[in-house]
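The structure that follows is given in the form of structure tokens.
Labels for the chains are A, B, C and D, by order of writing; each one numbers its residues from 1.
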Amino acid sequence: MAVMRASRSLSRVALLAARTPALAGARSLSAKPVRLSEEEITSLTPAGWTTVEGREAIERKFQFADFSEAWAFMSRSALAAEEMCHHPEWFNVYNTVHVTLATHDCSGLSKNDMELAARMNKFAGSA
Amino acid sequence: MAVMRASRSLSRVALLAARTPALAGARSLSAKPVRLSEEEITSLTPAGWTTVEGREAIERKFQFADFSEAWAFMSRSALAAEEMCHHPEWFNVYNTVHVTLATHDCSGLSKNDMELAARMNKFAGSA
Amino acid sequence: MAVMRASRSLSRVALLAARTPALAGARSLSAKPVRLSEEEITSLTPAGWTTVEGREAIERKFQFADFSEAWAFMSRSALAAEEMCHHPEWFNVYNTVHVTLATHDCSGLSKNDMELAARMNKFAGSA
Amino acid sequence: MAVMRASRSLSRVALLAARTPALAGARSLSAKPVRLSEEEITSLTPAGWTTVEGREAIERKFQFADFSEAWAFMSRSALAAEEMCHHPEWFNVYNTVHVTLATHDCSGLSKNDMELAARMNKFAGSA
């Protein structure tokens, strides 16, 4: 978790560096998410998530009691996504939410995906 | 709980009766929420809720870990409120949600308030 | 629109009839959503929606300025869905929401789908 | 608007500086929101917002067509609040949302309040 926290701060710094001239020095921290290696993907993927066949992405199907519970989960996840500026691909019907995570900017998986996946697990009560 | 379920169905029937000519017979089921007596209020008020001073209403202050948790609670409650066509008065700041419930149509408390209060307790994990 | 309103009231009555012994007389109003004929589908499908290939369902892809706008649309639609007890299949990524509507209980399309579709159009500002 | 954008980036940098040892140099950018002067409050307060009597805060009462519209507004505002890590005090009943904004960390108003107020105006379609 410490790793992910650090990653999150770093990705924000990178974001800021790109926007804020005064932070020019921080720019070197990396301007975009770093693509994870296969080993990193294996070790960092949170419980319950699996890699998608034929695509560098992870996915998980969450099941809830009803739409109300599923929607509470989605509402918290939406806040987290907007805050991280990292949005899921998700499909919902009634009490199921099928989430796929990947990072466009690195054409693969980054630590942002692992962090959002971990937070969604927590929101779903299965962290 | 059985009592409240029944009440809910009845209030919907009343709503429908008012809107649906074909249901004229159902109109007699009562066109608006029935105001609870003091005894009923005492026996039906869910755990954690108290009566408001100087007003026929009940209130409860919910406390959560953070805004995300509070928002999940509010999101589920919003669904329930819209479904019941019975909306709360609520105040939120960060991790607290202060809810007040009353029924305009009967100028007091009805079983709708008791049901919404019970559902909110459940959503907050304190049912 | 009048037709859909009526339909909605009727489906609720059916729901109530199934739950409320006192409403036994209303039961005959029909216990489940009625499957629309091809002609009805053609005439009732709201603007922007098309039939899904190989399945009796309608779909529409909504595009918004950003996730925030898409989420506002989904939040209103969630309230409507819960209120109607009729939930969409929907896929979201960032600013797009792809919605598919069908009615399990009649293995096809019912007026509920047409009503939810019309309300979603309104929520998206394209009614 | 340019001023507010800058302010927002700065407050995030400050937040990061406090969390990220590697960013020690950024710490001097200011660790907490700066309290606005009376002149700044007057010139920066967005349309429709007024100062609260007896408290350094701004408020606005938003009115919508119904709960659904009010909730869409709140849902977008919640995303913005979480993203800014700056949360409103707000009261909702049915179609009205009464918002009060202030900044705890500076015991008064900061540019964060002005930015959130401006974004809420935009969400309410009155920017």
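In the analysis below, a residue touches a chain if its C-beta (ideal position, glycine included) is under 8 Å from a C-beta of that chain, and two chains touch if they have at least 3 such contacts.
Computed from a predicted model, the values in this text were never measured in an experiment.
Colleague: Going by the average position of its CA atoms, which chain sits the greatest distance from chain D?
Modeller: C
Colleague: Rounded to the nearest whole Å, what is the centre-to-centre distance of chain C and chain D, using the mean of the C-alpha atoms as each centre?
Modeller: Chain centroid spacing, chain C to chain D, equals 37 Å.
Colleague: Quick one: chain B and chain D, Cα centre-to-centre, how many Å?
Modeller: For chain B versus chain D, the centre distance works out to 31 Å.
Colleague: Can you check how far apart chain A and chain D are, centre to centre, with Cα atoms defining each centre and the answer in Å?
Modeller: 26
Colleague: If I count partner chains per residue in chain D, which residues reach a count of at least 2?
Modeller: 67-68, 71, 75, 78-80, 82
Colleague: Would you identify the shape of the chain contact graph, picking one of line, ring, star, complete or other?
Modeller: It is complete, because no pair of chains fails to touch.
Colleague: Give the list of chain A residues in touch with chain D in this complex.
Modeller: 9-10, 12-13, 16, 19-20, 22-23, 25-26, 29, 75, 78-80, 82-83, 85
Colleague: Any idea which chain D residues touch chain B in the complex?
Modeller: 67-68, 71, 75, 78, 81-82, 87-94
Colleague: Report the residues of chain A in contact with chain B in the complex, numbered from low to high.
Modeller: Those residues of chain A that touch chain B are 67-69, 71-73, 75-76, 79-80, 123.
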